[in-house]
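Heads up, the next two complexes both have chain A, just with different partners, chain B and then chain C.
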Partner chain A sequence: MTMQTPTKPAKKPVGPIRGFFKGISSLLKGMGVTFKYFVHPSTVVTQQYPENRETLKMPDRARIRLSMPHDENGYHKCTGCHICEDACPNRSITVVDRKNATTKRQEIDHFIWRMDSCTFCNLCVVVCPFTALKMHGDFENSVYDRRLLIYNLNRYAGPAAPALAKIEDPEERKRNIDERGVYSGLIPMNGSAIAGVRACGKPPESEKVRVTEDDIKGESP
Partner chain B sequence: MTIAIRTLEDLTRPSATPDSPLATQEYFVNMGPQHPSTHGVLKLLLKLDGETVREVIPVLGYVHRGMEKVGEHLGYRQFVHMSDRMDYLSALMNNWAVSRAVETAMKIETNERIETIRTIMAELQRIQSHQLWWGVFGMDLGAFTPFLYGFRDREHVTDILEKTTGARLTMNYIQPGGLMFDLHPDFQKEVKEFIAYFRPKLKEYETLFSENVIVHKRVKGVGVLDAKTAISIGTTGPVLRASGVDYDLRKREPYGMYSKVKFEVALGTTGDTWDRYQVRIEEMKQSLSIIEQLIDNIPEGKTMLMKPGAKIKPPEGISYSHMETARGVLGIMLVSDGKDHRPYRIHLRTPNYNNIWSITHTAPGWRIADLVAILSSLDIVVPDMDR
Partner chain C sequence: MNETTVWQVKTIAQRAQEALPDSVWLSAGYIALGLVGAGAFVALLGMVLIYAERKIAAHFQCRMGPMRVGWHGILQSIADTLKLLLKEDIVPENADKLLHLIAPFLCLLGALLTIAVLPMSPTLQVADVNIGVLYISAVSGLGVLGLLVAGWSSNNKWSLIGAMRAGAQIVSYELSATLALLVVVLLSGTLQLSKIVESQAQGWWIWRAHGVGIVSFIIFLIASVAEINRTPFDIAEGESELTAGFHTEYSGMRFAFFFLAEFINMFIVSAVCSTLFLGGWMPFHIGNLAGFNGIMDLIPPGLWFAGKTSFIIFLIMWFRWTFPRLRVDQLMKLEWKLLLPIGFVNLFAAAVIVLYNLYFFPK
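And now, the complex of A and B:
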C-alpha cells in the first residue's frame, strides 16, 4: 500500500532549443495563475481591518480574553473555591477569598487574572464547577503598560448569585456586597501603584484603593 | 557500520581538496540565529570556500525552555498545553501524543467518536502545516507568490479549527480522556467545503510552482540524502520517506482510525530536495482523502470520558506513545511514581531534532542558496528542536 512519488519516465534529454521554449512556457503558465487573480479582484481575501471593525465577528469559542459573566442584576457565579487557580498551569489566576461578615462562609474577594502570563489554555473555564468563567473573543486588548494587563474579573466581592438570590431584603443584599473595579484592590502588579490606572478602570466612586505602604514594599498578593 | 566521530576541531581544519584553482582560503560564517531562512532562531555555523559550503554545524538551543523539566512540575492535563508550544504547526498531533501516553498509563479506552474526531483534526492540521511549508519553501527559493497563496489557503483550515477549538495556533483541544469541546455544528459542512475548495488549488500549486523550470533547476538532484544515512541519523517523516524508506507510523502501528481508512504512503526515490517536495504535496492529497472518508462517518458518543477537574494520578510505571506528526515521529515518555499527580519524568523525542542533522550530510558541496533550499525542504520548526 505504498506508492512512489510521480516521477516521469526517463526520456531522452531535451535539446537546448526545445528546453528553452519548454522553460519559457512553464514560466508563462505560472504567470497565468497570478494574472488570473490580477484580473479577478473578487478573489481577494484580505480582511480590511480596522475598516471592517463593525462586521468583524470572532467565533463563539474564541479564546482571547477571560471574563466572568455577570447576570442582569450584576451578580456573578464565583464562589471563590480556588479550583481554577489549581488548574492554571502557570499561576495566571489568583483567587483571594474572604469570610462573609454575617454568614461566615467563604466568598470571593478578588479574582485576579494576569493576561500578560496567560496561555489561554481554557483549563480554568473547563474545570469551573459553577460555570462562572468564560472565554470571549474581544481581541483589542492593547495597553501602554504591561501592568494594565492584570485584571480584577469580579465586579463585586461577596456571595455568588444563587446565594444572593436567597437573601430577600435588598438592603441586606447590598450589605453583603463590596464593589470592585477592573484595576482595584491588590493589583496592579505586586501591589505597586501606577499612575493613571484608576482613570482607565473607571471604578465606582465608593471604592477605596487598597494599596498600602506594605504592598508597595513588595508583598505579592 | 562504524560511525566517525568528528570534533569541533576536526571541522575547523582546512579541507583536503580545494576545488578552486585560485589560492583561496576557507572561512566561517554564522548563518543565524537571526536569519529569515533559518525559520526561527537556528544558528548554522558554515565553513565556506567562496560560496561553496564545506561544513555545516547546526547550533541549537536558542529557544530551549526546558519543557521536560517544566513538565515535572505540571499536572498531566496541564502538560498538554505545553506540547502545543513544541511543534506549533502540529499542535493537535502533539496534544494527541501526550493524551495517548496518559491514556495508556491510566488504561482508558476512548470511544470511536473521540478517535474519529482526533484523526480528522490531525489530518486537517497536517494539511495546514504542509500548506505553510509550501508557501515558505517558495519564499526560500525566492518566489514570494507561493507564500501568499499558501497562507491564503491555510486560512481556511485555520478558520475551521478556530471555530471548533477556539484557538488558531495553540489549540490545547485534545485532552487526556477525550476532547475539550464537541465539534462545532458547522464543522462537517465547512470541512466538505474546504475539500472542494482545496483540490483545485492543489492543481494551481502544481502549475504555479511544481512545473516551474526555475524550481526544477533549483531543487532537482540537490541535497541527496540516501536511505542508509537517513536511517542512521534517525530522520523520520517526509524526510525519511523521500529517501525511499517506507516508514509511516500511521501504517506501521495504526492508531486512531488510520487502520480503517484507505490511504497510501508517498515515497520518494532518490532523496533529493525535489522528492521531499513531492512527498509533502502527495501527503496533502492523501490527507484530503482520509478526511473525506471519515467526515460523513463520525459516530455518536461522548467526547469526554473523564471529569475535567479530576486530578490524574497514573499507577507507577512508564508509558510511551509515538505518533506521526507533520514532520515525523514524536515520541513521548511519561514516568509516574504512582504517588503524585505530576509526572516523575518526561522525555520527548521530537522529529526535527533528528531531521536537522541530515543537512550536515547533504549540504556540503552545494552553494549557500542551495543550502537554504535543502534546509527549507526539511520543514524545520526550531522550538520543536530545542523544546
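And now, the complex of A and C:
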C-alpha cells in the first residue's frame, strides 16, 4: 500500500448567486458589529488618564511594581530563602540575609529590587514558596535619578510572619525586628557607587556567591 | 396632487444678473459672495468633516478620538490646520517642481467647481446650470488629473503606482456612476439639478421607480466611494502597500490641500447622491397625508439637504471603518463584471418604465 498524503478536504464551492448574497450578508454583519460599538459608548476602552486618576482601576494582573505585602500586624512572609533571587533572569533582586541573634536561624535583612533593570517577568512571584511577593499596578514611578528605582521591599528585618507569631511576648517580638524603609537598602543615595548590588547579568556558576551581611558592612554608609 | 408648496428657486447667479441693470456693484457683490462663500464653505466643511471622521472612526473602534483641545476635542481641527500651515513644505530634489506645485490645486479645483452648482436649498445655490448633471460628472473627473500629476511629478515609485491605480480606478468607476446618474436623468427628464429636485416633490427617485431607483442608488454609492478613493477602495493610497500613494512626497500645506480635497469630494458625492436619489432639499412627503406633509414642510429645506447629506457621509464613513480593502484585480472585477452589467440592465429597465409611464405618483 502506498502512503497517502493527507489532503485538506476541498471546500464546497459557492455558486456566483449564493456567493453574491453571502458576501452582502457578511458585509452587513460587519457593519452591525461596528454600529454596535458606535452606539454603545460603554464599549470604549480608552482611559482619560490624568483626569480619571482618582477612579482609575488597574487590572489585577498588572505587572508594574513588585511588592512584599505586609499583614495587619505589619509582618511579611519572606524567610530570606533566595529562591526569587536565583529565579530572577537578570539579577534585579538581591536578597541579603542574616542570622537571628537568639534563634540562630536565617532571616531576611534587606530585600532589594532594582526596578531599573527589572523585566517584570513575574518569575519571582511565581517561584516564591511562601507567596511573600506580589506584582501590582502602581505605574506612576517616574523619577529623575535611576537610583531611586532601587527599592527595599521589606519594612523590617527579622523573622517571617509565622515565626513571629510563635513568639508570645510582644516585647520579645520587637527585639527580633529592625525597621527598614523603602530606600534603606544597601544603596547609598548620596551619589556614590551602588554598593552591595551586583551588576546585571548572571555571573558564572563558580562566582555564584551570596551577598551576606558581613560583605556589605564596610561599604554601606 | 399635493401642490400646496411651490418652491421658488433663486440662485446667487440669478440675483447677480437681476441686480446688474440697477447697480454694477450689487451685482459684483453677489458674485463675490458666491466666490468667497464657496471658498469659506469648503474650508469650514473640511475642518468639520475631519473632526467628524475622527470622532466617528474612534467610536467605531471603541476609542474616543480627539479629547484634549477644547470640549471633547472640538478645536482639534483648527489646531491641526494651524500646524499644517506652519509646517515645512518639502519638495523632493528630483521632482517636477511646477507640476508638484499645481497638483494639489488641480485636485481642489475639481471639488470647488462642483460646489458651485449644488442646490443646497431653494435660495442657496451659486449657479444653476442647465446641464448640471453633465457638469458635475465632467468637473469631478478633473480631480483625477490632480492625482495623476501628483504621482508623476513626485518622482517616487510609490507615488507613481498610487497615481496609476487611482487613474485606472476612477476611469473604471466613472462609467458605473454615470450610468446610475443617467437613470435619474431618464426618470426626471432633465439635466438641471434644481429641476431634478423639483421633480421629486411627489416622492424621491429612490423609491418612485419600482426598485430601479434603489439599484442605481446602490451602484452610484459604490462607484462614487471608489471614485473618491476611500476605503474599501483606497488602493491608491493603501498605507500597507504604498506608504501614502500619490501624496507620499507631499507635506505641509500641499498635503493639507489633498486632504481637504478628499473630504470635500466625500461631501460632494454625498450631496449629489442626496440630490438625485433622496430629493435634495425637498421635504419628505407621503402621498396625500396633508397633515404629515405640512409638518415636514415646516423643516427648512436647507436642513433637509444637510440631514440627507450627513446621512450619506455617515454611511460612507461607516463603510470605511468596517470593510477591508479590495485587491486591484478584485476592484476591477467588481466594476467590469458586476456593476457595469447591472448598471446597463438597470438603465434599460428605467427606459422601459419611463416609456410606459409606470412609476409611482405619476403627475
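Methods note: the second predicted complex is superposed on the first by the 140 of 221 C-alpha atoms of A that agree within 3 Å, B and C clash if a C-alpha of one lies under 4 Å from a C-alpha of the other, contacts with A are read in each partner's own complex, and residues count from 1 in each chain.
The rule we apply is simple: a contact is a pair of C-beta atoms (placed from the backbone, for glycine too) under 8 Å apart; a residue touches a chain by one contact, two chains touch by 3 or more.
None of the values given here were measured: they were computed from a predicted structure.
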item	value
Chain B versus chain C as contact partner of A:45, first or second or both or neither	both
Residue contacts with chain A in the superposition, chain B compared against chain C	B
First (chain B), second (chain C), both or neither touched by A:119	first
First, second, both or neither for A:26, with chain B first and chain C second	first
Which of chain B and chain C A:34 touches, first, second, both or neither	both
Partner chain(s) touched by A:87 [first = chain B, second = chain C, both, neither]	first
Intersection of the chain A residues that touch chain B with those that touch chain C	27, 30, 33-34, 45
Partner chain C, residues of chain A touching it in the complex	27, 30-31, 33-35, 37-38, 41, 43-46, 48
Complex interface listing, chain C residues touching chain A	56, 59-64, 67, 318-319, 321-323
Chain B contact footprint on chain A (complex, rising order)	1-7, 22-23, 26-27, 29-30, 32-34, 45, 59, 61-63, 83, 87, 89, 119-123, 126-127, 129, 135
Chain A-touching residues of chain B, taken from the complex the two chains share	74-75, 77-78, 81-82, 145, 152, 155, 162-167, 170, 172, 180-181, 184, 204, 207-209, 211-214, 242, 246, 251, 262-269, 275, 278-279, 282, 308-309
